[in-house]
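Look for subunit A in each of the two complexes below; its partner is subunit B in the first and subunit C in the second.
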Partner chain A sequence: MMKNILEVNGLTKKYDNFELKNVSFNLPRGMIMGFIGENGAGKTTTIKSILDIIKDYSGKVKIFNLDYRSHEAEIKEEIGVVLDDMFFPEILTAQDIDNVMRGIYKNWDSNLFNNYLKDFDLPRNKQIKTLSKGMHKKLEIATALAHHPKLLILDEPTSGLDPVARSEVIDIFQDFIQNDDCSILFSTHITTDLEQIADYITFINDGEIVLSKTKDELLDEYGIVKCHEEEFNKISKKDYVKYKKNKCEYEVLVENKREFKKKYKFEVIDKMTLDDLMVLMIKGEK
Partner chain B sequence: MEIIISNSSGVPIYEQIIEQIKSKIVANELTPGQLLPSIRNLAKDLRCSVITTKNAYDELERQGYVKTIPAKGVYVNEINRDLAREEQLKKIEKILDSAVVLAKINNLSRKEIDDILDILYEEDK
Partner chain C sequence: MIGFIRKDLAMIKSNFKLLAILTIVYLGMSLAGQMDISFILPFMCVMIMISTFSYDEFNNWNAYVVTFPNGRKNSVKAKYIATLLMIVIVTIITTILSFIISYVRTSTIDYINILEMTFGLIFGTLLVQTFMYPIIYKFGIEKGRIAIFIIVFGIVISGGLLSQFIDLSGVLNALSFLENYWVITIIILSVLLTYGSYRISLAIEMKKNF
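What follows is the complex of A and B.
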């Protein structure tokens, strides 16, 4: 049985002022991967390249072990997509979407779609332009799920949602992967959602993958050392990833906080959050 | 199965799961042969990742507390209760040891420590 549901290999694409550089990562079956990075780091470009919406990239994308470009139609039947920019014409209603999608997807499930509408408190007969941004997002998520896909690819699915709606969406994601054949790739800058449920974290910065690891490895092993200049000067360069000098202290990102503590016996080694990781990797120095 | 996860305690979540399931097995709240929730179910219930619950179950299996039967699920094992109890006692001894060290540094009498223990036990009732 295939191990990875999605394989991205050497994705490269050049623009005038931006470049995707050899982006590679794998998403195993049955897992949730969070895709993080600053605005403009290349999250959306990567996702759109995976889906061949952005053309002319070099590199290879395999979904369900099939080459995406040569098997697009059959792959599309089994993936659900939510993109950051809205794609429904604004005069449609949820009812219209139900009718249209029934003609597009073989496995479209009107009952399931209606259940999601109910769960999300979405109206069937109101035009999309009258919906709030949060409701619109929920409608897109319901649409992405209603043809029983095996892989969800979501660009910022929780942005614009309030905490209660985000929590509903997170529940639905976890329901979705109760089937261990299903996986989710979702990009977000709301890292607290990922800190709970993501199995893997892939971090992109300036068009390059900085790391792609299990979340537990990251959060349990990495740490933030806080110290004064005098102490900082004692740390050997190979024992930290990046550091940032603040007004009162140094913040130092270390890859293995237990090893570090053994070696240097510093007092303050904090748990790292994904936000800390992003800030220190992007703003920190070496 | 009741498990309480703290996201701010600094203890890795999989360790929290291991400790709580272990103590339930030792206390006989979970009995031999009982089916535990699947890794995916437990991840959903605890709002954590599937890898976390899988790591927890793998470690519990290594330590002999549970047994995975392929395609069926994870079951509570028959454990050596004396051995498990011994393990818990060692942990308690270690915690009390640091309390005693602290008490001696601060010149507290044995009686005062006993009183504290009495109060703590009363509170729990």
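What follows is the complex of A and C.
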């Protein structure tokens, strides 16, 4: 049985003012990968390249252990996608979407779609343009799930949702992943969602993958040291990842907090959140 | 592919009330002799299909389509099939209404004249749409309008200049034998133009970045 449901290898795409640089990562089967990075870091470009929405990239994408370019149609039957700002024309209704998708996916399940509509309190016969942003997003998610996909590729699926709706959506994703054959690639900058559900975190910055690790490994091993200037000056450059100088103290991101604690005798090393990681990796200095 | 056709038809259906009201107004005007319905309904058909492109573009549907199995290919194919369906529907409505108008206004029905007109109408509508679609696929609906204007302008100017320097009467004479076979000529031309236009649109769509 295949180990990875998605393998991205050396994805490179050049624009005039931006470059995706040799992006590589693997998403194991049965896992949720959080794909994080600031706006403009390359998350959407990577997802669009994986899905072939952007052409002319170099590199290889394998999904379900099949080469994406040569098995595109059969792979797409098994993928559910939510993209930022791309969806059905807004004069259509959920009923129309049901009719349309029945003619697009072999496995489209109208009953499942209707159940999601009920669960999400979405109207069947109202035009999409009359729905709130949150309802719109929930309709996109219901559409992505209703053909029994094995891989969900989600670009900012919780943006625009209030905390209650976000929690509903996260629950749906957790239900989806109960099936060991299914996986989710989840791009977001709302990292608290990922702290709840992600198994892996892949962090992209300026078109480059900075790290790709299990969430537990990341949150367990990395830490933040808060110290004064004289303490900071004693720390060797090779023992920290990045630091940020605040008004009264230094925040130092360390990769292995246990070893660091042993070596430098710091009493307290704070736990790191994914937000801390993003801020320090992007804004911090070396 | 059937899903994509359903999508275009659903979009057209959502404007059904407006279209029905316009048709009744134009029917009334045609009965009063102020308008010829045989031209206005095909024009509406073109506008309706163009509006589906506008909705697609506005909601980034074309990028979303790429995530579906054979999405790029099927969406283009479906657009042409939906267009042909619309042309057939509009032609049937126009022909029936023309019969009614002819009978009400003259107490007779000029079958030959109306059927000839219907045939020309199908060809004319198809010609406009097969010309416009590859341009819209290439440039999008907004820039496409400008491109269509420039291309039509270029064709008219170059045609005018060509006729100044080259005697086209020989070519026209050579083609005059087609007059006797105009029905089959129009059918063959329609098929060739539609297929050619579809292939160009598809080639554009298959290479497009969103």
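Basically, the second predicted complex is superposed on the first by the 286 of 286 C-alpha atoms of A that agree within 3 Å, B and C clash if a C-alpha of one lies under 4 Å from a C-alpha of the other, contacts with A are read in each partner's own complex, and residues count from 1 in each chain.
Everything that follows uses one rule, which is that a contact is a pair of C-beta atoms (placed from the backbone, for glycine too) under 8 Å apart; a residue touches a chain by one contact, two chains touch by 3 or more.
Because the structure is predicted, anything quoted here is derived from the model rather than measured.
Superposition of the two structures on subunit A leaves subunit B and subunit C fitting side by side, clash-free.
For subunit A, the partner with contacts to more residues, out of subunit B and subunit C, is C. In the superposed model, A:90 makes contact with subunit C only, not with subunit B.
Contacts of A:53 after superposition: subunit C is touched, whereas subunit B is not reached. In the superposition on chain A, A:197 contacts subunit B only, with no contact to subunit C. Superposition on the shared chain A places subunit B and subunit C such that, viewed from the Cα centre of subunit A, they span 150 degrees in steps of 10. By the document's definition of touching, of the two partners only subunit C reaches A:81; subunit B does not. Using the contact criterion defined above for the overlaid structures, shared-chain residue A:271 touches subunit B, although it does not reach subunit C.
Of all Cα pairs spanning subunit B and subunit C in the superposition, the closest are 28 Å apart. Residue ranges of subunit A in contact with subunit C, taken from their complex: 48, 51-56, 72-74, 76-77, 79, 81, 83, 85-92, 96, 99-105, 127. Partner subunit A is touched in their complex by these residues of subunit B: 7, 10, 12-14, 40-41, 43-44, 47-52, 55. Residues 1-7, 10-11, 14-15, 52, 55-56, 58-61, 63-64, 66-71, 74, 207-210 of subunit C are the ones that touch subunit A when the two sit in their complex.
Across the complex, subunit A meets subunit B through its residues 30-32, 170-171, 174-175, 177-178, 180, 195-200, 214-216, 219-220, 271.
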